[in-house]
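Dropping the structures in below, format is structure tokens.
In what follows, chain A forms one complex with chain B and a second complex with chain C.
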Partner chain A sequence: MTNHWIDYQHSDVFMAIGGNTAENHPISMKWIEKAREEKGAKLITVDPRFNRTAAVSDLYVPLRPGTNTAYLGGLAHYILENNLYHREYVEHYTNATYLIEEGFEFDDVAGVFSGIEDDPARNAKKYDRTTWQYQRDEDGNVKKDPFMQDPNCVMNLMREHFRNYSIENVSQITGCPVDTLEESYRMFSTTGKPERAGNILYAMGITQFTHGAQNVRAIGLVQLLLGNMGRAGGGVNAQRGQSNVQGATDMAILYHIIPGYMGTPQQAAHPTLGDYIEKETPETGWWSNKPRYLISLLKAFYGENATADNQFAYQWLPKLDGKDASHIAMYKNMSKGEVEGMICWADNPAVSGPTAGAKREYSAKMKWLVSVDLFENETASFWKREAGANPEEIDTEVFILPAAASYEREGNKANSGRWIQWQWKAQEPPGNCKSDLWIVNELFKKLQKIYEEEGGAVPEQITKMAWDYDGNDGQVDIVKVCKDINGYNVNNGSLVNNFLDLQLDGSTACGNWLYSGYYNDLDNPPTKRRTPEKEGIGSHLDWSFAWPLNRRIVYNRASADPSGKPWNPDVPQVWWDEDEGKWKTNDVPDFNVNIPPQQSAEIPFIMLPEGQGRLFSAFVNDGPFPAHYEPADSPVPNLLYPEATYNPISQRFYEDHVVETEEEKERYPYVLTTYRVVEHYQSGIMTRNMPWLIEMMPEFFVEIDEELADKLGIANGDRVAIESKRLYNNGEQDSIEAKACVTKRLQPLMINGQKKHIVGLPFHWGYMGKSTGAVANDLTPSVGDPNTTIPEFKASLCNIRRVG
Partner chain B sequence: MKTQICLIDASKCIGCRGCQSACKQWNQLPAVETEFTGTYENPPRYSCSTWTKVVFREYRENGRLQWLMSKQGCMHCTDAACKLACPTGAIYHTDEGTVTIDEIRCIGCNYCAAACPFNVIGFDRFTNRAKKCTFCYDRLVNGMEPSCSAVCPTDSLVFGNEREIIAKAQNRVDHLRKNGNPEARIYGLDEVDGTAMLYVLADKPEKYGLPADPRVPFGTRVWNAIYGPLRFLVVIAVGFGLWANITKNRELDRGKEETQKGSE
Partner chain C sequence: MELTRRSFLKLAGVTAAAASLTSVGYRKAAADPGERLRIRYTQEFHTICTFCGVGCGIICNVRDGVIVNAEGDPDHPVNEGTLCSKGSSISNVSYTFDEKGKPRPNPKRLTDVLYRAPGSDSYEVKDWDWALDKIARRIKESRDRTHEATAMVDGEEVTVNRTKAIGWLGSAFCTGEENYLFHKMARAIGIVSMDHCARL
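Up next, the complex of A and B:
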């Protein structure tokens, strides 16, 4: 999130799109309701299902799964056509006035941007981005047109790009009636007025598509146009679905980043530290400090063994070899027998991964599997008869390490609003269950010993690591870990105050620069602070710590006009006091307060080299503007771009995996979407062992609309079979079963004159635990977004029929 | 007399059912074995181990969709039908204004359950006792709010001073009426002389599955009028029964002990 939960109270209009906030983030509704009650805020829910959020909304916008880009493109079109954007904001704080290279264009028939070419390595297309660059003068300065008249300025290119996203066209694509669309666009566009703020909150219903990153881009674009970024009550607010998933991302749980969102070094491009620094450090913007953070990170990893003479141990840092290391690719490698073993930590891909049935099959090709979880999960028991496997044929050795639940251990958790809060232990874990920290500490010490004794490929990676976290009585000293993450001076061990103290010369160590400052005082660490704010705008600066630098709303320079006057004086975040000649603040400023306001107004988005919000971004793999593409499994052609049904850059991993022919479209006529219910949690392994929760949501079910149920002769509670192309093998169609939930909350949608039905499945069930059921993800395709490789869980095609 | 009541603002309920599980957790009520029947609502009925639950109702009228959710359970009525129906006086109003079943005096006749206009009293077959929401009486007398309202994330459930809660409810109804809910209303202020669970509804009570006009059944009133004055006799009779039962049991136990000794 750019903002935080408590800040929701300042919003004038909420748009919950691709995120069922009442269901999956119930606490958000406390603040949404506060805003509605106290300032008459409106809530718009955009979702294929009339969900629990829609139930308490002012306006419900139905749409076909996988058409969010069209919806948001339509919103951008509406804002631009009716001149509802926040003009002063757009002129000063975004790249709307920048000129783009002459050769840039978008082909409306082929549905591609200039620079498209084959990418044989991925068996897909890719872009050469030469024409996507800013025009520059001889001195390297970007050429701009402050009056936004030049046809090649971003504003005009954007108008041109979205010209086909009329309400009528968007209605044909999404299936949402024209008047509902218009009403939602009108409502949200009111936040383009300077004093008003609009909040777009989303989750996996935006990201889990082959065009997921572009959906997020579209949200960013709309929020920049309306001047909602950096503003209290505004923002692009990704609501995180798991406890501490924000923390896990910050700590680089993903393969393409190392802690603090620095790119993972690649062997080919960055063989030396010098190469990495040269190629990955922009000249301007905050990331120009990257070398300080990387070298401090290396010092935290390798301690005394990292010196200026050995590139601070950079050569030991694992590097990407150019192969795709994402989830789907990893399982594909496993299918070829290339994965010897796996440590599956708090993860249950046999339920939560796409095409989960195939994953269980591939798992048998591994020699060993370690599962760390609270209960025996489906992934750890892929070899059992419950999974439909024959144990006699499987040689994989499986180890289960029982883990402590979150309330049974202490430590930091980062919430969606980037607040890093200490959580004290409530009780001891049962039996032999151990905290994750204890397990990783023991595991590392064993590994280090083995490498010391037996050697191996690049043993220094492990043997030279600085790892000293042992505490008393066989426990781990978590404070030692906190100190490492916060950062310290290596010469005297004193904790650094924040990342401004981090040095290039190796005199500081810091495990994650973004977290620096969260534990800078041993007696009163900021992460443990619990003093609520008495007066103010709800920033609560003395409650825990928010990265970066305890800043609650990022880019907050954009909350005031260039002269430093807040756009909304009722909720002042930062303001320039003319009389005293200095800034006054209700938050930690996200800009240099020592330069005049007009100067800081030129670079409100300090993380970017150009310092201004990107309506046009050359840094996205599948295009500088979001364009509507159908999901990989689509029931209709692309109405806007006839030659490009789905995202041409998207990641395909398997042949004959998604619905392509007309015959297949007839065989799988219904649009399938998957989702969560509040009673269960993720792959369900925790909640399906909890009788009180099972009582409320006892069985796997499938939601279908009344008309479809009528047509297929399905009544409430009937057993229903669901089929998809992923379960079609060697001419035989397999299926999964669920109980029918025939509901008014789903309705058929008219897509370009054809009636399309939507079928919904919660994905929480599996074959282990006290409540068992079929795995919904057996149906979903293994296709991914070209930027993140996130799988397309939210839109695919299926068939359903009554059983018996 | 009741001074503190609970507001159930159904217009803010998101059906997360935190209240439903918190009730089971605090009162240590076992889970009921259920099945999916086509609605999110479960368990299907109130019982000795389900005292409160969220009721889900869905409608589509003139193209307008509604999915109404509300926490329901014992209303703790002022004019409490269960109390009037109880032959042993086991059901009474506490000093806090809540309605409680005295388990010792309950004889399991189930008249209360039959009389309750809200149909929320369960029956425990093993102990032969009627069971229902206690308004977390054990928490109340220790200065804590009921477990359901304590966990509500959206402030749909709010516990507080009666006068403040009623004012809050009235404000909320005004707000709802101004914002497209002409049928919004308070429920439980005049009904059965007022309840300690006061609702704000965005629509008619029937649409939430609540009775439009809850009343003490006529039969219960007649029965109470005739039988009420004689209740003390029943108490004596029940007391005698209990005494006889205990003595008998003791004799039986003694008998058992003797048999055991004999067999040794």
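Up next, the complex of A and C:
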């Protein structure tokens, strides 16, 4: 989130798209409702299902799963055609005026940008981005046209790109009636007025597609056009689904980054620390500080073993070989017998991963598996008869380590708004349960000891890792971990105040520069602060700590005009006081307050080298503008680009895995989408063992519209079989079963003159625990977005039939 | 006593409860608010809800080491005392409650280290030391067998120090401090296949 939950109270129009806030982030609705009650804010819900958020909305916009880019492209088109964008903001704070290379173009028939080429290693396409670059003069400065007349300036290229995203075309693709589309575009575009703020809130219904990153880009593009970025009540607000998914991302439990969003070293580009720094450090923008953050991280990792003479131990960080190493790739490697073991912390991919049935099958190829959890989960017990397996044939050793619940251990958790809050411990864990902190500490100490005593493959990689976290009585001293993350001066151990203190010479250590400052005072660590705000705009600067630097709304320079006057004086975030000649603030400024306002106005987006918001971005793998692609499993051709189908750059892993032929489209005629319910959580392994919640939502079900149910002779409560191309058993079509929930929440949609039905499944169930049910993700495909490899859970094809 | 918003709410709640009990004719003693409150003689702990990313504050009332009540933290600026169905049920992870509201351990909760041997059809209980030692051995065997110290890139030998044979998943359920140590441990082993539900 660029903003935070309480800031929702300042929005004038909300667009909930690809997220079901009322169901999945229920308490945040109070801030939406506050804005509606107190200032007449409007709520638009865009979703395939008339979900609980839709039920309380001012306007519901139905759309076919997997067509968000078309919908958002239509919104961009509407804003541009009707000149509803925030002109002063766009001219000053975005790259609308930048000129792009002459050779840049988009092929409307093939649906691809200039520079397309084959990528045989991935069985897909890729781009040469030469023509996507800014035009530069002899001195290297970007050429601009302040009047936006040049056909190659971003504004005009963007108008041209979205030319075909008319309301009529978008209606044919999405299935949403023309009037509803127009009304939603009109409502949201009103936030292009300088004093108004529009908030786009989303979740996995935007990201879980083979074009998910472009959906997010489209949201960013619209918000820049309307001048909603950096603004109270505005923003691109990814509503995170887990209590610390933000924090686990910040700490880089992801193959492609190391803590603080720095890229994992690549063998080809970064053989040495010098190479890494040279290639990964831009000359301008905040990331020009990257070397300070990297060297401080290496000092936190390797302590006194990291010196200027050994590249600060850089060579002990593993390097990538340029290939995807995300979980889909890992399971594919497992299927080939290349993964011997796995450690799984409170994760349950046998239910929550795509093509989950195949994952359970591949698991048998591992020699060992460690599962750390509160309850016995499906991933650990893939070998059981309940999973359809024969234990005698499976040689995998499985270790289940009993963990502590959230309130049985302490530590920080970062919420969606980047608030790093402290979770205190309320009771001891039962029996032999231990906190994950204790488990990782003990396990790594053991591993270090074995390597110290016996050696092995490059033992230094393990033995030289700085690891000193023991406390009293066999416990972990968490403060030692907090100091590591916050950062300290190597010479005397004193804590650094924040990342502005981090140095290049190895004199500071910091495990995650973004968290620097969260624990800079041992007596009153900011993460533990609990003083609510009494005045102001709801920033709550003395409640916990928000990264970066306790800033609550990022890019907040853009909340005021170039002279420093807030666009909306009713909710001032930062403002230039002419009389005193200085900035006044209700938040931590996201710019240099020591330079004149006109100067900081030139670089409001400080993380980017050019300092201005990217309506056009050459840094996205599948194109500088979002383009509509169908999902991999699609019931219709691409109506905008006749030769395109799904994203040509997307990540494919298996042959003959998605629906391609007309015959297959007939065999799997219905669009399948998955989602959550408020009573259950993710793979369900907690909530399916919590009696109160099971009582409220006891079993797995499939949602079917009334017309389809009628056609197939399905009544409420009937057993229904669901089939997909992913579900085969010994060459025979297999299926999963669910109880029918015939509902008005789903309605058939008219797609280019053809009626299409949508089928919905909650993905919370599995075969372990107190409440059991089939695994919805047995049906979903293992294909991913080309930037993130997030799987396409939200749109695929299926067949359903009544059982018995 | 300083009358904060919270103590006012507490007081108001007690008064309201007392009023309603008296009005239906209960004996005065039974209406004694102290005797009736489940959170009497409990210690309060602030925690953060374990479910979605809203990050609601929860107060756990603990008596004799047992959570007897968990409810929304009225001082927390995001949730202001409210919770959803999952957050309100959070103590169900540890306890089910009998008809009198007395907590009983949730029988499904894991409380022991379990081990499943190759070909076996059941788990057996083990102790921590045995399991951690065994797991460390398995990591070492797989790592030593598959570790790549260097790789050839365009005819040049590059140090890569990695193994693709060990996977690491998780976790969004764990704290920042836990995840930081996870990252250190995984990279020390040379793990490149690491992921969590931010991508799932």
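Quick note on the criterion: the second predicted complex is superposed on the first by the 800 of 804 C-alpha atoms of A that agree within 3 Å, B and C clash if a C-alpha of one lies under 4 Å from a C-alpha of the other, contacts with A are read in each partner's own complex, and residues count from 1 in each chain.
Here is the rule we go by: a contact is a pair of C-beta atoms (placed from the backbone, for glycine too) under 8 Å apart; a residue touches a chain by one contact, two chains touch by 3 or more.
The structure displayed is predicted, hence computed values, not measured ones.
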| item | value |
| --- | --- |
| Touching partner for A:P569 - first (chain B), second (chain C), both, neither | neither |
| Contacts of A:L374 with chain B and chain C, given as first, second, both or neither | second |
| Touched partner set for A:A55, first chain B, second chain C, both or neither | first |
| Touching partner for A:V742 - first (chain B), second (chain C), both, neither | first |
| Touched partner set for A:P282, first chain B, second chain C, both or neither | neither |
| First (chain B), second (chain C), both or neither touched by A:V339 | second |
| Which superposed partner A:M696 touches (first chain B, second chain C, both, neither) | both |
| First, second, both or neither for A:P596, with chain B first and chain C second | neither |
| Of chain C and chain B, partner touching more chain A residues | C |
| Partner chain(s) touched by A:K30 [first = chain B, second = chain C, both, neither] | both |
| Common ground on chain A, meaning residues reached by chain C in one complex and by chain B in the other | 26-27, 30, 678-679, 691-693, 696 |
| Complex interface listing, chain C residues touching chain A | 45-58, 60, 62, 65-67, 70, 75, 77-80, 82-87, 89-94, 96, 105-106, 108-121, 123, 127-128, 131-140, 142-147, 149, 151, 153-154, 156, 158-185, 187-200 |
| Residues on chain A engaged by chain B in the complex (per definition of touch) | 22-23, 26-27, 29-30, 33, 37, 40, 50, 52-56, 58, 60, 677-679, 691-701, 716-717, 739-745 |
| Residues of chain B that touch chain A when the two form their complex | 11-18, 20-21, 24-25, 30-40, 42-43, 58-60, 65-69, 153-155, 172, 175, 179-180 |
